[in-house]
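Here's the structure we're looking at; comments come further down.
Just so it is clear, A, B, C and D label the chains in written order, and each chain counts residues from 1 on its own.
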Amino acid sequence: MPALDPRTERRCRESFARQQAMTTIGASVLSVAAGAVELAMPFSEKLTQQHGFIHAGIVTMLCDTACGFAALSLMPEDAAVLTTEFKVNLLSPAKGDRFVALGRVVRPGRKLMVCLGEVFAEDGGRRKQIALMTASMMVMDTSTGLRD
Amino acid sequence: MPALDPRTERRCRESFARQQAMTTIGASVLSVAAGAVELAMPFSEKLTQQHGFIHAGIVTMLCDTACGFAALSLMPEDAAVLTTEFKVNLLSPAKGDRFVALGRVVRPGRKLMVCLGEVFAEDGGRRKQIALMTASMMVMDTSTGLRD
Amino acid sequence: MPALDPRTERRCRESFARQQAMTTIGASVLSVAAGAVELAMPFSEKLTQQHGFIHAGIVTMLCDTACGFAALSLMPEDAAVLTTEFKVNLLSPAKGDRFVALGRVVRPGRKLMVCLGEVFAEDGGRRKQIALMTASMMVMDTSTGLRD
Amino acid sequence: MPALDPRTERRCRESFARQQAMTTIGASVLSVAAGAVELAMPFSEKLTQQHGFIHAGIVTMLCDTACGFAALSLMPEDAAVLTTEFKVNLLSPAKGDRFVALGRVVRPGRKLMVCLGEVFAEDGGRRKQIALMTASMMVMDTSTGLRD
């Protein structure tokens, strides 16, 4: 991976900070590299489904955001990022103290970036992969009115 | 679709009520039929991404839940439902006053149910489809300790 | 669906005729409408997997092609179509005398078209859905050197 | 990865040999390990789409088969494997002399195995990834009448 210049890192972190949904679920940025972003989120009862696990939609949201910023980190300064599709395979129930999502760009196309995302549950000292995502991120130009 | 007996409807609604994540996003049940469930959710700023639209993960969560209960409505009484995978195509940004997700069972297998989900944004009087989901729901027997 | 002009229909049929893979599997065009294309393929032993069913990859190929031409039917004359991703849920084993794939455009975007595909197996007089696809088709401009 | 016993390797190779679709596309087994299978296929004009690239359905077929046998290599002797779903992101057009698909099991569940597949195009001396797959493989017991 090429080194990330400080402006791009700041841009990703500021765009993350504007995501109110990330505040709602208590997510934070662990690391930002060129084409790879890592986010974390603590367990919270208010995010659970009927069996007491974190809802698959929340796991997806964390991972989609990690992938989106991984893509944004490789985009030109005047572009914005928009998810066009993702698929998630849920490997194990989302139980644990903390959840970490790692998004990486697999194919940095000029119009479309393909990302691979992984989510891990940390439970006590152990770490287990709970989800696998593939996603397409569109490079939106400024004529759309969107900005990141 | 066959008629839904009242016990199954109650079971779906009670399982929905145990999902704290649904309370957090303000979701409610619009209708429960055999193999088809409809949920709704109002717009809320705390669920937005950086451009002010509802986060794709939240749209996914609503739709996954609609599909999951559509599947549960066709399962034996002693089974629980678990999502094994889903894919979402995001058709338009999630902007509007209210969002409605409709989940339907396309293939009610004995072990695996395949569902099709659609999410619509209501904006003023207009309604527009914003997401398309396909999902696999596993029929879990009671030996897993899970219950719905 | 708007009516399809004869030039667009001819363009789709000619592009189909250039797909040698379609000849190899014995596929033919059943119908072309604006945003909806139907293809058919007879059973052939040389396309089977180890249990004697048509291979999932062949089912996918037929359905991807139906979706691709459904998208092409709505594109400007100087554009070419390229699949960027698809997902297939296999609902039942592909056994039967003939297989019919129906591809439809769900969201005709300017850059990306989202399609829904269904494949049916015909066995004697009965018809059964065996696969469900969602796909993204990119609108490629002529600067890429591609043509349809 | 644990070592693969010779009986399991033979079983995978024999099941592969029964796939007439693999003969039709000229595919062969490069390697079989516990949870990881590699297949190869030469370029052939009869497998091309309208732009002269190998059809996405053929790329998918090769990758699905690699993933299926990767899953089978970890299954009990009396089980058969059946793909329930896959998603493919097409990263680059499939042009080259030879195509290699690598399927690996990411999550070896008792009922469902989740696999990650990658397809590479070899062109002259260069190698490039052209597709990324995630897939679910069901463990079928003998009561279904299926065998591998």
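By our rule, a residue touches a chain if its C-beta (ideal position, glycine included) is under 8 Å from a C-beta of that chain, and two chains touch if they have at least 3 such contacts.
This one's a predicted model, so the numbers in the text were calculated from it and none came from an experiment.
Counting hops only between chains that touch, chain B reaches chain C in a minimum of 1. Centroid analysis (C-alpha atoms only) places A farthest from chain C.
Annotation: 33 Å between the Cα-based centres of chain A and chain C.
In terms of their C-alpha centroids, the spacing between chain C and chain D amounts to 22 Å.
Each chain gets a centre from the mean of its Cα atoms; for chain A and chain D, those two points are 29 Å apart.
In chain D, the residues that touch at least two other chains are 84-85, 87, 89, 114, 134, 136.
Those residues of chain B that touch chain C in the shared complex are 87, 89, 91-92, 106-107, 114, 116, 129, 132, 134, 136.
Note for the complex: chain A touches chain C at residues 84-85, 87, 111-112, 114, 134, 136, 138. If you check the complex, the residues on chain C that touch chain D are 15-16, 18-21, 23-24, 45-51, 54-58, 60-62, 64-65, 80, 82-90, 93, 146-148.
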